[in-house]
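Below you'll find the structure, written out as C-alpha cells, and then a few comments.
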Amino acid sequence: MIELYHIWKKYQGNDWALSDVSFFINPGEFTFITGPSGSGKSTLLKILYRELLPTEGQIVIDQRNILKIPDNKLYELRRSMGIVFQDFRLLFHKSVFENVAVALRILGMTGKDIRTRVFNALRMVSLQKKMWELPSRLSYGEQQRVAIARAIVNNPKIILADEPTGNLDIKLAFEIMSLFQEINEKGTTVIICTHDRELIRYFGHSILFLFKGRVLRKEQL
Amino acid sequence: MIELYHIWKKYQGNDWALSDVSFFINPGEFTFITGPSGSGKSTLLKILYRELLPTEGQIVIDQRNILKIPDNKLYELRRSMGIVFQDFRLLFHKSVFENVAVALRILGMTGKDIRTRVFNALRMVSLQKKMWELPSRLSYGEQQRVAIARAIVNNPKIILADEPTGNLDIKLAFEIMSLFQEINEKGTTVIICTHDRELIRYFGHSILFLFKGRVLRKEQL
Amino acid sequence: MIICLTFLTLGIFLALSNNIKFLTRSVSDDQVIVFFLSETSSMETVAAIQKEMEDSRLFSRIRLVNREEALAAFKTKFPDLESVLQNLNRNPFPSSLEATFSRDSLNTAAGRDLVERMRTREGISDIQYNREWIERMRTFDRLIRAVGFFLGGILIFASFFIISNVIKLNVLARKNEIAILRLVGATNWFIRIPFVMEGVFLGLLGGVLAVFLLWLVTALFPLYLGSSPGVIGELIQFRFLSVSQILALLVSGSLIGFLGSFSSLSKFLKI
Amino acid sequence: MIICLTFLTLGIFLALSNNIKFLTRSVSDDQVIVFFLSETSSMETVAAIQKEMEDSRLFSRIRLVNREEALAAFKTKFPDLESVLQNLNRNPFPSSLEATFSRDSLNTAAGRDLVERMRTREGISDIQYNREWIERMRTFDRLIRAVGFFLGGILIFASFFIISNVIKLNVLARKNEIAILRLVGATNWFIRIPFVMEGVFLGLLGGVLAVFLLWLVTALFPLYLGSSPGVIGELIQFRFLSVSQILALLVSGSLIGFLGSFSSLSKFLKI
C-alpha cells in the first residue's frame, strides 16, 4: 500500500514542481503516471524512492512513513524497490552482467545464484547476447533494457519505472510491458511513468494524469 | 545531396552493425530512419556526421567525400549540420542559453545577434522560461528540447536528429515535428531517427527501414 | 604516481633527518671541556674533582691529562712552535682533566651550573672550552632543526594534502557510481569498503615504491660524491633508513591511505 | 592549490640554493694561506714574492704580517699560553704573508701549482694552510651541490608532473565538453584557447602565491631562530629572492602552465 498525502515539491527558486498530490496505490496495482514534459512525473517517482524529499506532505509505504527513515536505513527501502531511471544510471565501467548483478551483490548473494538470476533477467529483456559488453558499447535502447533487467532481477515488491520504453521500438515496448504485467500478476506493485498513449491504452489499469504538478485526474479502468 | 555507397560498419569484435547500406537523400528531403532497437540507426547517423568512420564504403555530401576530410577541417562539415544527439550531449555546467549559444559562438558571432537567435530557437521548443537554468535542473524532455534548439539555432543545411521526441509527450512531439517540417520547407534537409510509428505515419515523406544493420526497404510517400 | 612521489619526499626527508641527527650527534660528541688543574693541587683534590664530575653524570668521558701529555699534544698540534718550546727551561703546561659532555647535557642548565661551580673550586686554575664553537654549534643545531621541522612540516602537509586530494578526486570521479549504488540499495559499508581498500593499497604501494627509490638513491649517491673520504665525507655519508623506519614508512603509508580515503568518504558519503 | 604548492616548493628550493650559494661563498672567502718568510730574507725578496703572488691573480687579498703582529695575534688567540711566551727571551714568530684565495681559484690546478712552487722558493721557510679544512670544505661543497641538484631535480620534476597532471585531469574532466564542442563544429583553437589561458592563469597564480608565502616564511624565520646572532647565524640568515628571481618564478609559472596545458591538449586533442 502506497499512500501519498498532500505532497508539495518546489526546487529552489522555481514554481511548484508538484502541488498537493495525494493518491493511494493498492498492493499489486499496475499504475501509469502520465502527463506532458515537465509535469512532474520524474519528480514524483524520485520522491517515492526518496532521492528527493518533498517540501510538504507525507508518504506511507506499507505502514511506514518513508520520510522518517534515517539516511543509514534508506537501503532497506530501496532494496524493496526495483527502479528504472529515466537516464538509466548504469555503471559505465562494468559489464552488462555486472550492472545487473550489482542489485544482487548488495544483498550479499554469491556466485552461482547471481549468474542464473542475472541470465534470466537479461533473457527477459532479450539482451543475453550482450551480457559481457560494456554499456557504452550498446545502443540506447539496449542500455534502457539493461536498466530494466537490473530493476527486476531481485524480485522487488515495488517496481518504479520512469519512461522505460522511451527508446524502444513499439514491438519491444510491448514485450517489456507484457513483462511488467507478468511480474505484476505475481503480486508486485508496478508504477510506470510514460507518455506513450498506445501503451496506456493497451495496458492501463489505473492511470494518473499529471499536469503542471497537479493531479488532473485518476482513472481506474 | 547525400549519397551513401555500400556502407559497412563493424564495432570491434561484434557483428556487423551496418551491412551494405546504400541510399541517396535529395537536398530538401524529409527522411525518417526507423527500425527496432539496436538496428543501427544511431550508428548510421554517427557515420553521417563523422563521429565514426565506416569500415567500408563511401559517403558523398554535396559532391564532397566526407571520409576524405582531414580531421582539422571537420568543423566545416559539422557546421553545416545541426545534430540532435540521442543522449543530448549538453554542457552540464553551462546554462540553457549558453548551451544553445555555443553553436553560434563557435562561428564567432557576437552578443546581440546571439541573444535574439537563441531566444527565438528556445521559443520554438517552448523553453524560453528556462533559459537561465542549468540542464541538470530540467526534466528529461526539457533537456531534449534544449538539444533540439541547439541543432536548429544556426540554420544548418542539414539536420540530423536521433530520437528527438523519445522523451516528449505526443503533443510536444507533434509540435517539434511540425517545427522540423517548417524548417524543411525552407530548404533544409532533415533526417530523423525514430521508432514512433504515429509520427512517421503523420509526417513521413520518405522512410528508411533498418533491420539488423540492413536496409529493409525505402519508402517514398 | 602522486602518492609514490609523496612518500618519496617523505622518505627523503626521513633519510635527511637521519643524517642530520647523526651529524649533530657526532659534532656534539666532540664537545670537550678542559679543566686546568693548579700545579699545587694534590692527587686527592684531583680525585675528588674527578669524582664530583663523574657523579654529575653530565660527561660521557673524563680523562686526566698530565703535563707531559699536554706538552706532546701541543707539539703535534702546532709543530711550528716547537722551537718556542725548546727555548723554555720547563714544561709550561699544567695537567688537566679533559671531560667530554655526554650527548644531551651539552646545553643544559645543569651543565652550565657545573662549569660555573668548577670555576671557583679549589684546585682548578682555569677552565677552557670553546665557547664560540659551542655557540656556533647551538645556532647550527637550531638552524638544522628549524629547516628540518620546516621542510618536514611542509612535506607532511603536502603528503596529506595530495593523498586526500587524490582520494577526493577518486571519489568524485566515481560520484555517479556511488550515487547509483546507493539508489540501488547498497549499505554505506558496501560502498565504502572498496574505496578504503584502494586507499590503503595505494598508500602501501606508494610507500614500497618510495623505499625502493630511496634505496636506489642512497646506493647511487656515494658513486656521485666519488672519491672524497675525509672526516666530513664520512660523517655525512648518505645513510639508508633503518628497518623500523622502513616499516614505519610502509605502515604510515597504509595508514595515511586509510585515513585519507576514510575522511574523504565520510565527507562525501555524509553518513 | 596543488600548483601553488609546486611553486612554493620551487621557491623554497630557490631560496635555499640562494642561501647555500651565499654560504659556500662566504666560507671560501675565509680560505687563507700563510707563507712564513725566512728570517734572513730581505725586503726585496719579500716584495718580489708578493708581486709574483699578485700577478698570479689567484688571491683576492695579500697582507704582510710582521713579527710583532704575529705575536700579538697569537696572544689574543691563545691567552692561556701567554705565560709560555713570557718565558721566551725573543719573539719566536717569523713574519709572514697572509693571502686570501679569491673565490674561484680555491681548488684550481693553478692554485695548487703556485703553492707547490712557493714551497721551494727562496725566502719562504714554510707554508701553512689548513689542508684538512679545505678538504672538508670541498667535500661539503660537493655534498651541498649534490643535495641541491638532487632536491632541485626532484622538485622540478614534481612540479612538471603535478602541473601536467592537473591539466590532464582538467582536460579529462571536460572530455565530454570538448567532445561536444567538436561535434558542434568548433575549431581546435576555439577549444584550446580557454584551456591554455586557464593553464597560464593557474601557473601565474601559483607563482604569485608561492612568492607571497616565501616572503612570509623568510619574514617569520628570523623570529623563530630568535636571538642567536653569531657568525654562522649571520651567514645562514634566510635571504629572500632577488627581484629577477621573483620575476623568473612568475614567468616560469606562466610558462609551465602554458607548456603543460599545451602538451596535455596536444595529447588529448590529437590535432
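Each chain gets a letter, A, B, C and D, in the order it is written, and its residues are counted from 1.
Basically, contacts are C-beta pairs under 8 Å (C-beta built on N, C-alpha and C of every residue); 3 or more make two chains touch, one makes a residue touch a chain.
For clarity, every value in this text was computed on a predicted model and none was experimentally measured.
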Subunit B to subunit C, fewest steps along touching chains: 2
Farthest chain relative to subunit D (centres taken as mean CA coordinates): A
Most heavily contacting chain pair (counted by C-beta pairs in contact): C-D
Centre-to-centre distance between subunit D and subunit A (centres being mean Cα positions), rounded to whole Å: 70
Approximate Å spacing (C-alpha centroids) for the pair subunit B, subunit D: 65
Distance between chain centroids, defined by C-alpha means - subunit C, subunit D (Å): 24
Multi-partner residues of subunit C (at least 2 other chains): none
Complex contacts: residues of subunit A adjacent to subunit C: 49, 51, 71-72, 74-79, 81, 83, 85, 89-93, 102-103, 106, 150
Residues of subunit A touching subunit B in the complex: 11, 14, 34-38, 42-43, 86-87, 137-142, 144-145, 163, 166-172, 195, 197-198
Contact set on subunit C toward subunit A in their complex: 176-177, 179-188, 190, 270-271
